[in-house]
Amino acid sequence: MNPLAAQMPALQVIVPMLMAPFVLLLPRGLSWAAAAAASLLAFGIAAQLTATVIDSGPVAYQMGSWPAPYGIELSVDALSALLLLVVTGASSLALVGGRASLAAAVGEDREHYFYAAWLLALAGLAGIAVSADAFNIFVFMEISSLASYVLVAGGPDRRALPAVFKYLIMGTVGATFYLIGIGLIYMMTGTLNLADMELRIAEVADKEPILAAAGFITVGLALKAAIFPLHVWLPNAYTYAPHIATAFLAACATKVSLYVLLRFDFFVFQQNLSGHAFQFAAYLMPLAILGILVGSGVAMFERNVKRLLAFSSVAQIGYIMLGASLVSIGGLTAATLHLFNHALAKGGLFLAIAALAPLAAGLRLKDMGGMARQAPWTFAAFVVAGLSLIGIPGTAGFVSKWYLVSAAMALGAPGIALIGVVVLGSLMAVVYVWRIVESACFGEPPENPARSAAVPRPLGAAIWTAALANVYFGIAPGLPLRLSSSAAATLLGHVPA
Amino acid sequence: MSAQQTILVAVALPLFGALGIALAARIGANFREAATLLTAAALAYCVWSLAPSLLEGARPAVSVAEVLPGIEIAFAVEPLGMLFAALASLLWIINSLYSVGYMRGNREPHQTRFYVMFAVSLAATIGIAFAANLFTLFLFYEALTFATYPLVAHKGDKSTVASARVYIGVLLTTSIGLFLPAIIWTYAAAGTTDFAAGGILEGKLHGPAVGLLLALFVLGIGKAAVMPVHRWLPAAMVAPTPVSALLHAVAVVKAGVFTVTKVIVYIFGIDYLFASPGTGWLVYAAAFTIIAASVVAFRQQNLKRLLAYSTVAQLSYVVMAAAILKPLAEIGAAIHIVAHAFGKITLFFAAGAIYTAAKKTELHELRGIGRRMPVTMAAFTIGALSMIGVPPTGGFVSKWYILAGAFEADNYVALFTIVASTALNAAYFLPIVYMAWFAPESGKPPPTHGEAPWPSVLALSLTAALTIAFFLFNGPVLELERQVVAAP
Amino acid sequence: MQVLGIYYYWVFAILLMIGFYAVIAKLNLVKKLIGLTLFQAAVFLLYIAMGKMEGGTAPIYGASAEAFSSPLPQVLILTAIVVGISTTALGLGIVVRIKEEYGSIQEDEIQEIDRR
Amino acid sequence: MTVLFGIFLLTLLLITAVAIVRARNLFVAVMLMGIASLLIAASFLLLDAADVALTEAAVGAGVSTVLFLSALSITSERERASSSRPLISLAVVTAAALIVIYSTFDKPRFGDPEAPVHSHVSPWYIEKTEEYMEIPNMVTAVLGSFRGYDTLGEVFVVLVAGIGVLFLLSGGPGFDSGKSPPPWAKAGLRHYLIPRVAGRLLIPFILLLGLYIQFHGEYGPGGGFQAGAIIAAAVILYALLEGEQNALKVLPRPVLIGLMAGGAILYGAVGVLGILMGGNFLDYSVLAADSVKGQQRGILLIEAGVGMTVTGVLLSIFHSFAARRR
């Protein structure tokens, strides 16, 4: 066996992380290549880790060889493996395809800073996914957040700046809430290791500081994950970021916070807080439902294509939360699966927007006129990803909605209402996706001769990779399904029957 | 080639054909049309080659991929599907012939897109016909919706796009909002969505749930155009006539009623459904649709819209026949799919030929047109007679079986509906026929046109001939469809 | 001693509240960042207070020391302070660019300009 | 006595905080922030947190003040409109505070040696630092080795902030590539004799203090971060006295970026070396034949890395602000 195999959890984080300072030092021309190479390597490591997790179960790693509750432990299980695939995959695809688009948005004289920040965002997100230590998660959350602020601030429109400022304020408040939460837990348990915390929290589960901690952690992470109604930073940040960065962040940034939320609510609190299962469902389910309906509703009337898709993200986060709030194997499978599938769909859509935007005068719906003729292949891929977003069978989005509806059905009569919400949300998705399709197919092409010629080849390839992945995982969802059902079993294994 | 391979080839062939058509279009229009006809012929050969073994009782099946546990993409050929596929593939050849005349005669733009999407639509249709379970069927059902959207919106002007929006809006809304939940419910209750003789739901659902699920299915399958989800069908008439003819008289709408029939026969099982309370409403719903649509058709002034509402009514014949839940009626449902297809495609072809040759679309413009276009109007007359159900046309055969089934079930609502709608059909078709042949020609200056281009005329003559032939030689079809209701 | 112990937590809560108020209610972007800094400083106080042990000394081995206050919260807060100043620096960088692009660092004015 | 002093400090802190929020002049607010930081630092000292107190003083009263002032000199000093939605904000804030206060009802007794914080993980550190590392400062031991991965993360947080400010301020209308620096940037306080002489005298001592804190961190309070901040402060003082351009001549931009990246790389390289020598990432025991020596060597190296990055980033940020056209 490869001697490096045991080091994979650490390498997953430090490969992109250490490449970042090198990008600062390397000649300018090489920064994109270095970033893309590191990202692809990280994707390879994630694939390797996933294989290991599937073959032989979770992998643990002791940083600095210090034993678990004292040193920092990394651990990779099915849920983190799924997340790692999403994060590294989205980053690699966006980087490989996005060179030209980023150069245009950011400017070649400062793009090495941008690529360094990109790598650190990637390292931060991956670091959260592999970490098994509450405070370490905070540190990597801050790396990824600060780096994402830089990515968003790279947008060419000046409106990116107020957007990113709002993002920074809300993100920092969220992180600080999280810090208060783990501080209170630490005060009551004396530990920061998640597994240790779960054991030790049992004795003090009904004390006030733990209850307050659960509140602070949930609200803090909900801010970071843009769960309705704490999503207000998201639409503008996604709209004004460089298109490629939007594709990357939309695919995975909020998902990682959701992942931490799931970890805490199921691993740390679920077994221990009296009546917590009730609280989790009671508080998050209405928010999830409102998120689905309001997000989709706003998207239906939004005129800017990117903001439309951003509001759709608010709704999609609602689906993930809805699945999780059912607190059942089926619901959690649906939630984790949708985490994966939505990343595929939304990543593909934003990549396609990155390709179409230079051909259009702007990003309003009417600017999309004639896109279907101007870039038929790219637009076809956009439609495929859009169908996945709606949840049409044969695409990945369908599989997770299938699971979500099945899980809701298992609830009996109240489940019918939830199915109604999912169905209504999907129908609203039909409307907002179709508004784009219709204006692209039949809208008047604006009379603007200053359009650039064509979609760059690598970007086209990346878009089609994403689109085909949507189809592939819609027909053969074996891999994500296996990971997510295993993740659901692990998450629920911590809930008393 | 084994039967399994033949099935896969039949589904894939139109897709590759679409690619071939797109490539051939780069050489020239003639090559493109040749590729279309060639693909259509090859498809028909493939599909029809499956028929003999099926008559002997073979049921070839093939599985492609397992998407979820218990949910596969799989194909299986059974008599209903065989009939539908055979019908669609046969009429595609004739329709392609007609399209050549129509599209050239009217100098339509985007002809390559038209032929390519048409081939894709056919692939989806064959997929629906051969689907082995509800999931696969739904997959191709949605594919058909999307593939036909560019055909409906072909003209691309504002009002066309608006109509196309109604088309895709209604179809997607009903399928995602009702049909899909129904499928998931079925899966949750039965653990499978496979079509099986005698149904899969017996004993799995009880009481009003059966009626509710049936309602989800019938209204969710918007393509069957049972009121109130029929709105898309008149809206789709903005499409070029060949699209209306094949897709909205044959492939798409028939996919709808075919699916309804299949759900009733193979998912519920007719005996189970007959025994369950709260399922009788479907006959009333279909009956209402038949009468109401006929009345609306009676009031139309535009020929294509009249044909559209006539289609809505005729589709509900199939639904009503299936809902009578008696073997004879189920056979009637199956052969009405065929009989109506031959008759209605003839009528659309005629309407399109009139538009191509004379640019006329309104009923009052048709006075005396029989003298200028005798072949076309002769075919139109045959089609109209078939709609009414007059011998010697195919329409008579299927109505006969439906009536027999209604008698068997003592279903007087159905009996009354059939009689009343026959009268209404006669009331709106016969005046047109009379006017076309016997009324004096109007218009100044007097029109000088003759028949439409020969491929169109040839095509509509062929389908008119088929309408009559189906009255005379329906033996194999009946024999095949008896197997549907034979004891499992 | 217990009075002081309770007082630490109350000060933490009130300081948190003051900082948080400035973050949400103030329209000036620099003032928001100042509020954010106070907000974070309150949390530092929470951690350090819980690490204190009665009769302990700073966690550095010495001749006379027997009991030590816990080193772990101190380490965590060292990291958190650094994270905080990094956030502030980045935030100030954004504020400077906003001033240059919009000519204002008042949230309401910026929204007004964007609406135009 | 300690109790009274503690209560006095905290009360003063609250008063200062209210004054900060109410102050309409941002310059005043920033200066008050410095005072609040010093008050917090003093409170930390009372709570046995010498390292944190030093850091809070260096960061809160030093770095943070300099950054805010540099930003204010570009933006504006006055806060114009007051607050929006004060009532809603107050409600939200009060709710949060009530939850916090609620959470303190059932907490362990203050300073209780039996509290989980003191009884679970912490005794292990107190016991093992001696055994594994033979250094007196447990905070440095935990920071550098036991939880060295967090500190690695911290370095990269600083690095991102540096990258971010460089990225943001290397474009836009105020960007000046250095071709035509304003006159004050060249001169500084060169023409004012007394500050100049006093300053020049101070600088070597500050640098020395920085180096001392850098390398003495294993024995007393201090370490790479504090040292980096102090060394940066010395250079900033030099820039104020001699003009920003002259400071740039001593430490040009590429050198600063080199420091920034180099420190992070040094830290990472020590970790990777652990892997190459057969241990896990950041396992310093394998760096030398004797594992205690290895730990000490590792901590020394990573502290150096921290110091480099912090110095580089702080100076880069300072120069980025200073170079803006205003």
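In this document, chain identifiers A, B, C and D correspond to the written order of the chains, with residue numbering beginning at 1 in each.
Rule of thumb we're sticking to: contacts are C-beta pairs under 8 Å (C-beta built on N, C-alpha and C of every residue); 3 or more make two chains touch, one makes a residue touch a chain.
Just so it is clear, the model here is predicted, and its values are computed rather than measured.
A comparison of C-alpha centroids places A closest to the centre of the full protein.
Relative to the C-alpha centre of subunit B, the farthest chain centre belongs to D.
Here the CA centre of subunit A is 28 Å from the CA centre of subunit C. One finds 44 Å separating the Cα centroids of subunit A and subunit B. Note on chain placement: the centre of subunit A and the centre of subunit D lie 31 Å apart, centres being C-alpha means. Here the spacing of subunit B and subunit D, counted between their Cα centres, is 75 Å. Counting only residues that touch two or more partner chains, subunit B has none. Within subunit D, contacts with two or more other chains are made by residues 100, 104, 107, 115, 117-118, 121-122, 125, 147, 150, 153-154, 157, 160-161, 164, 168. Within subunit C, the positions touching two or more other chains are listed as 16, 20, 50, 72-73, 76, 79, 83, 86-87, 90, 94-95, 97, 101, 107. If each chain is drawn as a node and touching chains are joined, the picture fits none of the line, ring, star or complete shapes. Pairs of chains meeting the touch criterion are A-B, A-C, A-D, C-D. Contacts from subunit A toward subunit B in the complex involve residues 387, 390-394, 399, 402, 405-406, 409-410, 419, 423-424, 426-427, 430-431, 434, 438, 441-442, 474-477, 481.
Listed in rising order, the residues of subunit B touching subunit A in the complex are 65, 67-68, 71, 73, 135, 138-139, 142-143, 146, 150, 153, 156, 161, 165, 168-169, 172-173, 176-177, 180-181, 184-185, 187-188.
Residues 99-100, 102-108, 115-122, 124-125, 128, 145-150, 153-154, 156-157, 159-161, 163-164, 166-168, 170-171, 257-258, 260-262, 264-265, 268, 271-272, 274-275, 279-285 of subunit D are the ones touching subunit A in the complex. Taken together, the subunit D residues at the contact with subunit C in this complex read 2-3, 6-7, 10, 13-14, 17-18, 20-21, 26, 29-30, 33, 36-37, 40, 43-44, 47-52, 55-56, 59-60, 63-64, 67-68, 70-72, 74-76, 79-86, 89-90, 92-94, 96-97, 100-101, 104, 107, 109-113, 115, 117-118, 121-122, 125-126, 129-130, 136-139, 141-143, 147, 150-151, 153-154, 157-158, 160-162, 164-165, 168-169, 172-174, 219-221, 225, 317, 320-321, 324. Against subunit A, in their complex, subunit C makes its touches with residues 16, 20, 23, 29, 32, 36, 39-40, 43, 46-47, 50, 72-73, 76, 79-80, 83, 86-87, 90-91, 94-95, 97-98, 101-102, 107, 110-111, 114.
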